[in-house]
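Look for chain A in each of the two complexes below; its partner is chain B in the first and chain C in the second.
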Partner chain A sequence: MNRNYIFLTILMIVLAVGTLMLKPAKQLKQIEPETLLKEIVQPTRYISTDEVAKRLIQGDPSLLLVDVRSEAEFEKYSLPRSLNIPTEKLMADDNLSYFGVPGTKVVFVSNDDIKADQTWVLTKRLGFNSTYVMKGGLNCWMETIIDPVEPSPDAEETEFKTYSFRKGAQMYFTGAQVDDFNDSKVEVQVRRKEKTSVASGGC
Partner chain B sequence: MGPLIPNGIIGGGWDFVIAILLGVAFGFILEASGFSSSRNITGVFYGYNFVVLRVFFTALIVAMVGLMYFDYFGWLDLSKIFILPTYVTPMIFGGVVMGLGFILGGFCPGTSFTAIAIGKLDALLFTIGLYIGIFIFSLGYPLIEGFYNSGNLGNVTLTDVTGIPAAWFALAFTVVALAAFWGTMIIEKRVRKNMKEYKF
Partner chain C sequence: MHIHELNPWRTLIAVVIFVVILLAGFVTMTKPLLTYHLDMNESIQQLSDENAYFYPWELDGFIKKEAQNVVLFDIRDNFIFGQGHIPGAENISANDLTQEDNVERLEKLNEMGVTVVLYGENQLQANGPWMLFRQVGFDNVKILAGGYQYYAENKENLLAAKDNNSFKKGIPRYDFAEKAAPKDGAAVSTTAKKPVQVQRRQKSTVAAGGC
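Take a look at the complex of A and B:
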């Protein structure tokens, strides 16, 4: 009997038994493509910057802002009380544990809403509910909350209401002061009447 | 990392080049294993030569166990590879036809080309028959189309069907294959004792 055959037989059995010890890779469960498609076409996943600002001001504890931009961008500017989870690191560490907590709403924030939308799709595929996207992202945040544009005088009343809210939010987030009224700086000059000399005239 | 083409590590245009290289390697191994001799191949049915069984079973268990380790080490994602769809009855029927052709002709399609490469006349006739068979099948396809596509289970694996982890199948196949190696060695010895003449 050939010794090589015996050796190879033993080797093959050891290797085959070894496959039983291999731990299968963790399979992430995904929702059905049809369900995802139905969710994607719904505009309800968007939350406006006004809504986010309102909740931030109110200190809503159920709101969790997740900034999906890179760490460098996050360092440069970020919304108050927001958490930085770059899209690339979504599955890393224990980042997924932030999602799907009952009673919390996760809102994804990026520069525009493309990256936030991508992250939303990823979390949706993984079956997490109550995740949202801040419509327009930080660009829209800058335009609406940080630097709101005054509506034209003939605009509707609701626009003025929104504007005044935004102005208030601007003060809250940037610490801007109320514009001083122009006339407050006018110095009041007191003119004193010259005293008339009593003995200036007479008949 | 792998599979290389689906993961975009190499371009899709390379598949023909890879196919040619693999084909050359496959042909070389077939010839080197003695598969260009119809006597060797049909020996399985008469019990005097089990080289076909040994070569194919070796390839099977090495590839099977090897792929599982590749998957574990992250070199090849087994969930991304193509799995041939299973058609139960047509496959059983096709297996019987193939087995009959194997005994009658002394070759399987691949080995017949290997044998042509070393200049065997019987293999040449076999391949002519092979092409006539393909031609008849193609012409008669509308008649058997229903049966051909029946019993489709889709791209399933044994694990999908039974729910038993792939590792158990790997172990079972390995044990069966190794038992077959040793068992057929004994059979070969006994049968060859009674043979007056044995040539490859």
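Take a look at the complex of A and C:
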């Protein structure tokens, strides 16, 4: 065999090994800025305080509340079963390992929704899915769950349904007593099974 | 004996074509429109940079056309923009922000040293786009604190924002611990918080075996 060929082969192998070393070993995976903007424009990341309350009451194990406020604020008050990761410490101490666990939904909570949303953008840049933002944050939590406002009498029925859920949630989270419970016996409305007739149609 | 040893010209032509193709590949390689200029830690730091915000009282000068070198971009939908907007603002819907001509425009404004202020219906709407443009290196992009909502409610007296913090976001509006305390007069429980049991992602180690 020609000597030139051996030399060329060795050169190719050395270059190939060289390209392997080009990429720095430690680099976080990131999504493209354009992809990130597309994700940002979608409003699907917002989850209501009612939904969070419902999941907390049901004890949904797939829910992980991440409180992004400072440690001092977290120490004073926090939602039950929430974890404190201040936004400033997002990249510190392995905190990222809480995200991207299969089957877990991470919901960011802050005073309102700005800081939670900022944390969401940061984690989204790193490509984590299943992260959400509690819309309105703790301010909204206080207004809707802890101190719900009774809807006006002519409000829609769904509003009353929401209100009665919130009243129940209020009792669950604060131990408040039901104040307007009527002691007098309420007549029980029994719904009877209607007789089926052969003529009744439908599918 | 190989064929190219008989005909060195052929070899030369083949090598030249090969090199030309490689060069053409490199030259025409599309450069991504946007790349991150700030790493994660820098991105977190710039969130608390006061110069990255545009305050409601600064709008006063903008509307009176006293402020030079400021451009306002309304990132809401065209329809909502038509129903009312800050005088002098331009409409670029959030969906179109990364269109090539818009990015080129931003680059030009950046070179000219013009401040670009993004605003949405509320501060939250513009928050994501603002963070993104800062992270890809547009240090002239600012966000309007309070968003359009605050402007619409206080347009008569924008300067008052200097003295109150009603436009500010991210601050608690209540004393949470007090408000959420049991209503029956029981003492606020001061028991230490229980650590939460959370599942973490496992670090993949090379040594981990198994099938």
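Everything below uses one rule, namely that the second predicted complex is superposed on the first by the 153 of 203 C-alpha atoms of A that agree within 3 Å, B and C clash if a C-alpha of one lies under 4 Å from a C-alpha of the other, contacts with A are read in each partner's own complex, and residues count from 1 in each chain.
Methods note: a contact is a pair of C-beta atoms (placed from the backbone, for glycine too) under 8 Å apart; a residue touches a chain by one contact, two chains touch by 3 or more.
A quick note: this is a predicted structure, and the numbers were derived from the prediction, not measured.
In the superposed pair of complexes, A:L15 makes contact with chain B only, with no contact to chain C. Residue contacts after overlaying the shared chain place A:L28 against chain C, while chain B stays out of touching range. Of the two partner chains placed around the shared chain by superposition, chain C is the only one that A:F173 touches, whereas chain B remains out of contact. By the touch criterion stated above, A:I85 is placed in contact with neither chain B nor chain C.
Touch counts on chain A: comparing chain C and chain B, the chain ahead is C. In the superposed pair of complexes, A:Q118 makes contact with chain C only, with no contact to chain B.
Contacts of A:K76 after superposition on the shared chain: chain C is touched, whereas chain B is not.
Common to the chain B and chain C contact sets on chain A is no residue at all. Those residues of chain C that touch chain A in the complex are listed here as 32-36, 40-41, 43-44, 47, 94-95, 97-98, 123-124, 127-129, 131-132, 135-136, 169-174, 176-177, 179-184, 186, 193, 196, 198-201, 203.
Those residues of chain A that touch chain C in the shared complex are 28, 30, 32-34, 36-37, 40-41, 64, 73, 75-78, 81-83, 87-88, 90-91, 94, 97-101, 104, 110-115, 117-118, 121-122, 125-126, 138-139, 142, 146-147, 173-177.
Residue ranges on chain A touching chain B, taken from their complex, read 5, 9, 12-13, 15-20, 22-25. Of all the residues in chain B, the ones that touch chain A in their complex are 61-62, 65, 68-69, 71-72, 165-168, 170-171, 174-175, 178, 181-182.
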